[in-house]
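Each of the next two complexes has subunit A plus one other chain: subunit B in the first, subunit C in the second.
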Partner chain A sequence: MSKLKSIKKTTLVDFATYIGVIIAFIIVNTLKNDGALTRSFTGQLIPICCYVVMAISLNLTVGVLGELSLGHAGFMSVGAFSGIIAAMSLQTVIPSPVLRLIIAIIVGAFFAAIAGVIIGIPVLRLRGDYLAIVTLAFGEIIKEVINCLIVGVDSNGLHVIFNAFGSKSVSDLNLLEGGVMIIKGAQGATGVKAISTFTVGFILIMITLVIVLNLIRSRSGRAIMALRDNRIAAESVGINITKYKLMAFVISSALAGAAGALYGLNFSSLMSSKFNFNTSILILVYVVLGGLGNIWGSIISAVILTILPEALRGFEDYRMLIYAIVLILVMLATNSPQIKNLVEKIIPRRKKGEEADEEAA
Partner chain B sequence: MKKPLDAKSVWAPSNAFIPERDLDKTPILEARHLGIDFGGLTAVDDFNLTIGKTEIAGLIGPNGAGKTTVFNLLTKVYQPTRGTILLDGVDTHGMSTVQVNKLGIARTFQNIRLFNSLTVEENVKIGMHNSITYSSIEGILRMPRYWKYEKIAHERAMELLSIFNMEGMANAQAGSLPYGAQRRLEIVRALASNPSLLLLDEPAAGMNPSETAELMENIRHIRDLFHIAIILIEHDMNLVMGVCEGICVLNFGKVIAKGNPEQIQANPAVIEAYLGKKKEA
Partner chain C sequence: MVFLSYLISGISLGSVYAMIALGYTMVYGIAKMLNFAHGDVIMVGGYVSLIAMTSWGLPVWAAVVVAMVACTVLGVVIEGLAYRPLRSAPSLAVLITAIGVSYFLQNSAQLIFSPNPKSYPVIINGSLSLFGGKLTISYISLVTFLVCVIIMIALTLFTSRSKMGKAMRAVSEDKGAAQLMGINVNRTISMTFAIGSALAAVAGVFLCSSYTTLMPTTGSMPGIKAFTAAVFGGIGSIPGAFLGGLLLGIIEAMAKAYISTNISNAIVFAVLIVVLLVRPAGLLGKYVPEKV
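Presenting the complex of A and B:
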């Protein structure tokens, strides 16, 4: 009986998360089609999807693996620009924008995963604060590297220049007639056809949820959580630390890359400075606010904190100040034992330990 | 992989206490001239020990004698400076903790090391990590092998927990368990990795006398059920003398006595180093 209950408990939470996202999508999509939403809100829908995926994926590193990463926007950036390059160079070959978007997302995830492996192997030897600092540095490095890229495409294929000394310019690409510039160094990507759709964003969220939730409930996910809880004990039962750390880190960066591709293809131009340290911190805020390891919490906080600055537009100059104050208050509230008790009074929930004692007795 | 041992060419320094129930007389563990230095300090020196396949052995000694260091050497938390460790005839030289566990050594810790935020059942399932073998992809996509192995893992976890009558706690958070239950869960988790040698580091620490007596029964039961060898570090002399068939006494990193409980209790060196105080009292 007790085992049935336990299976139900975790699956119920997962199930509720899926259902919640689906219902939210249906409601918002209906409202959008009816024209009941303001333009500014409709414009926010795809970024919200991106940030939700970012928050879930960062939660995999910070909450489930237990390692603080401050460079998550770097992987988003890799995904965004590789996705843009893929979508723009396939423009003539694949006329269907949805198909191109899907390919761009896959390409973005793939390159972000490669970046995850390259960065993960040296970085994951470190722990705690040191790892956080190094990921921060890597995030900045990725940004600067993309700043130096000049990419164009013509009938001969892709032309890439790595403009490390600032001496090269767009004309050095020697594009043939009819060629298209994709990335112009520090100016970023311009002239991008915005092909991202809300539906694809929703599907990406669902795929992310399936990957992360199923991973956590499987053998590999348990191994990842084991080395978060106690590294030495995890080793003593035969868990390969490096392998599982890297696995969590790479899955997390691949998902960030997918979100990045969706994000990049939502705008007609994109600069690499968009994915700076502030963005990494912003995503970390979603994760911490939603609760470490708490997937649905990440989703809700990502949605609310993306809408909030827009909703506060009426306050004009004081907008970010109010945003900051709201953030502080929410953090205090979610960490206060009194409020937790109050919530537990309203929603009675038996503690796991008590339940077990009762059953044992 | 397994190197057969030539008994004549190797000097076996200790007398293995191999009870008659061992049909196979080759020892499960042989430590020869084992030693480790930390900087200039010799923590363990010339440590020799042979354990029979279904022997329960005790490792005792005053605080700081190097008992836990020996466990750390056997499980390769530290690589020994000198000497060899043979597990079932296989030299474990240069192996990592993970490899040694796969080869058959599982352990518990003096300061309990559970996966506190996970449930009791998950803790045990993590112990089975290398015996349930579906891939990550199969897990994420929930393919048939996932369901098959998760079912096996669940059943086996419940079976193992039932040794200590802990099935009822399967869904409790490991960190919220009472102290004694946490110690028992650590043993279950170690057993879940399917070892041939189980190392228990102060399993009775913090337990009351009735819990200790129960633990003593459980240790014997585990040995008989799984046919494994057990080495335990313990300060509770009733437990050590009651359950161990062979005892090794360490002091200042060196073995000062070896033998069965009667021999140890009568050994003047041991009495002087360790049991002397107890006799006076």
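Presenting the complex of A and C:
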């Protein structure tokens, strides 16, 4: 016990996060193999993994770096479509679906990271709500640009048309015989072979956790958090603002791209309108409800809020209404000073207990 | 001539954006919050005016008044129930609450009016023919633009001359100091929401009339665009919101006409990014240097 106490509290929390995720995976995987889970829930498992990774990565931008991003789904979109293109064009070269999935995830992360650099360098000079609006604009631009892409692959390699004027069609690709269409403009990607698996999703979550938690606890992470807490003070002690901001932003977008590739390869068809403003907002909701900068909070809220609308399916038309009301009530309950005071009056011991803990430590 | 007619349709679209952006910018300037539910108030205004016109048989001007009253009440109620308890909370918490309100309004509308689009009547028919019929300007475009200009001038006068307007500017500058000077901060912010929502109702009528359809999600994209317009012009500035809205509408119309309809939104947003990089506070926004 004394040995446990000598370990830092943050290390313990990180440890608990890893172990919690592993235990949750083992339980769910056993239940899944036993067939104890309903069909709709099994179908939700991979999207849940994607949303967890998205929430952790957005938490890096919003919670740790302290910059509001409203276009996180844009990076997911870049990752999803580049991942799909990679997986589809390697179909004949690499027969193993797991290997192809891993390559697709890496490719997705790579392209999303490039997008992150392109957006990040000019934009991170802006502050606060202006950064939010530019990331929002980026998400919308990505959506429309992908809507104009026509991509196919044959034995000569990739064929790409940018159909900006709406005049080109699938036949303009001039695919050879045996060629495969990958993205058909506004129809999105169709005929995708769904190769995502729950296990790979779990591994992706673990890798994300290792990257993000180690980053936060490192020297760079402390520099990033110093920027968040007081930019001017951080600058005055010689922290390179652009470098650390860009580092957090690019890592966050690369992870979003990886999650996107996993997401894209879970469905047989995918449209770019899936990754709209509402999806960015959805992920932001996970992060804020889980607690800014709190990684395990993001994981739990992403899981619960993905399951909640499904669990409310019994209420049919009312489920999104209930979701909205729950959202408002939770925000009011956790942030309103009146309600906080009320809770403290009812349960006064909680705060005293925490103080005693701190004194003991 | 063709260019002029595109320009006019751009101005007409831009005037609608500007009306919405004026509401956004007022709320942002005073309450310092991004009210994402603003777009959905527009949609509510659209439905209320549609009911007033078709079911109750009211004339257009009366329907607009009914919609304004309904949206004003809605805006004040939303502010009182959802935003006021969070006055001292972090801005992200308020943002998420605003998103919750937006979902709530959209889904309530879906339950009440069904998700199917309803057709919305063109409120003013006819058009003006110029240069021997080479250029036609529909009356609705003219009216939209005129109404928008009148609203902009009225708001500028209101905030600079009236007592309530001065209180609003004081609150936007420093809430604590304003309170010490005897200004009722809560009432001032409620008033801002009331004005913003009434403007949203007017914008809703013109928006639906130019789209001729109305759905529970009608307000969201124009809401985002108007927010962009407000930032474009310098958020918090009333002439800025007007200018930003008009420019956004013109750029969108021109991009649709001369470049491509498929990527018109992408072009609009790309222009926004470039403008923000050159002028980080927007076109007419004030650059506030930081004090250390």
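The definition used in the following text is that the second predicted complex is superposed on the first by the 328 of 361 C-alpha atoms of A that agree within 3 Å, B and C clash if a C-alpha of one lies under 4 Å from a C-alpha of the other, contacts with A are read in each partner's own complex, and residues count from 1 in each chain.
Criterion: a residue touches a chain if its C-beta (ideal position, glycine included) is under 8 Å from a C-beta of that chain, and two chains touch if they have at least 3 such contacts.
In this text, all values refer to a predicted model and were calculated from it rather than measured experimentally.
A.B. asks: Quick one: classify A:L327 as touching subunit B (first), subunit C (second), both or neither.
C.D. replies: second
A.B. asks: Mind working out whether A:N335 is in touch with subunit B, subunit C, both or neither, as first, second, both or neither?
C.D. replies: second
A.B. asks: Going by the contact rule set out at the top, does A:I232 touch subunit B (first), subunit C (second), both, or neither?
C.D. replies: The answer is both, since A:I232 touches subunit B and subunit C.
A.B. asks: So in the superposed three-chain picture, is A:T11 touching just subunit B, just subunit C, both, or none of them (first/second/both/neither)?
C.D. replies: Neither subunit B nor subunit C is touched by A:T11.
A.B. asks: Once chain A of both complexes is superposed, is A:T38 in touch with subunit B (first), subunit C (second), both, or neither?
C.D. replies: A:T38 sits against neither subunit B nor subunit C.
A.B. asks: Looking at A:T199 after the superposition, I want to know if it touches subunit B, subunit C, both of them or none. Which is it: first, second, both, neither?
C.D. replies: Neither partner.
A.B. asks: Return first, second, both or neither, reflecting whether A:L215 touches subunit B, subunit C, both chains, or no partner chain.
C.D. replies: In the superposition, A:L215 touches subunit B alone.
A.B. asks: Let me test your reading of the model: by the given contact rule, A:M247 touches which partner, first (subunit B), second (subunit C), both or neither?
C.D. replies: First partner only, subunit B.
A.B. asks: Taking the two structures together, which residues of subunit A meet both subunit B and subunit C?
C.D. replies: 232
A.B. asks: Per the contact definition, I'd like the list of subunit A residues that touch subunit C in the complex.
C.D. replies: Within the complex, subunit A contacts subunit C at residues 62, 68, 122-123, 125-127, 129-130, 132-134, 136-138, 140-141, 144-145, 147-148, 163-166, 186, 232, 277, 281, 284-285, 288-289, 292, 317-318, 320-321, 323-325, 327-328, 331-332, 334-339.
A.B. asks: Would you tell me which residues of subunit B are touching subunit A in their complex?
C.D. replies: Touch list, subunit B to subunit A: 75, 77, 96-98, 101-102, 106-107, 109, 113-122, 125-127, 129-130, 132, 134, 136, 139-142, 146, 149-150, 154, 158, 165, 167-173, 176-177, 189-190, 192-193.
A.B. asks: Applying the document's contact rule, which stretches of subunit C touch subunit A when the two form their complex?
C.D. replies: 28, 34, 36, 82, 85-86, 88-90, 92-93, 95-97, 99-101, 103-104, 106-108, 110-111, 220, 224, 227-228, 231, 235, 259-263, 265-266, 269-270, 272-273, 276-277, 280, 290, 292
A.B. asks: How about subunit A: which of its residues touch subunit B in the complex?
C.D. replies: Counting only subunit A, the residues touching subunit B are 2-3, 5-6, 9, 210-211, 214-215, 217-223, 225-226, 228-230, 232-241, 247, 293, 351-353, 355-357, 359-360.
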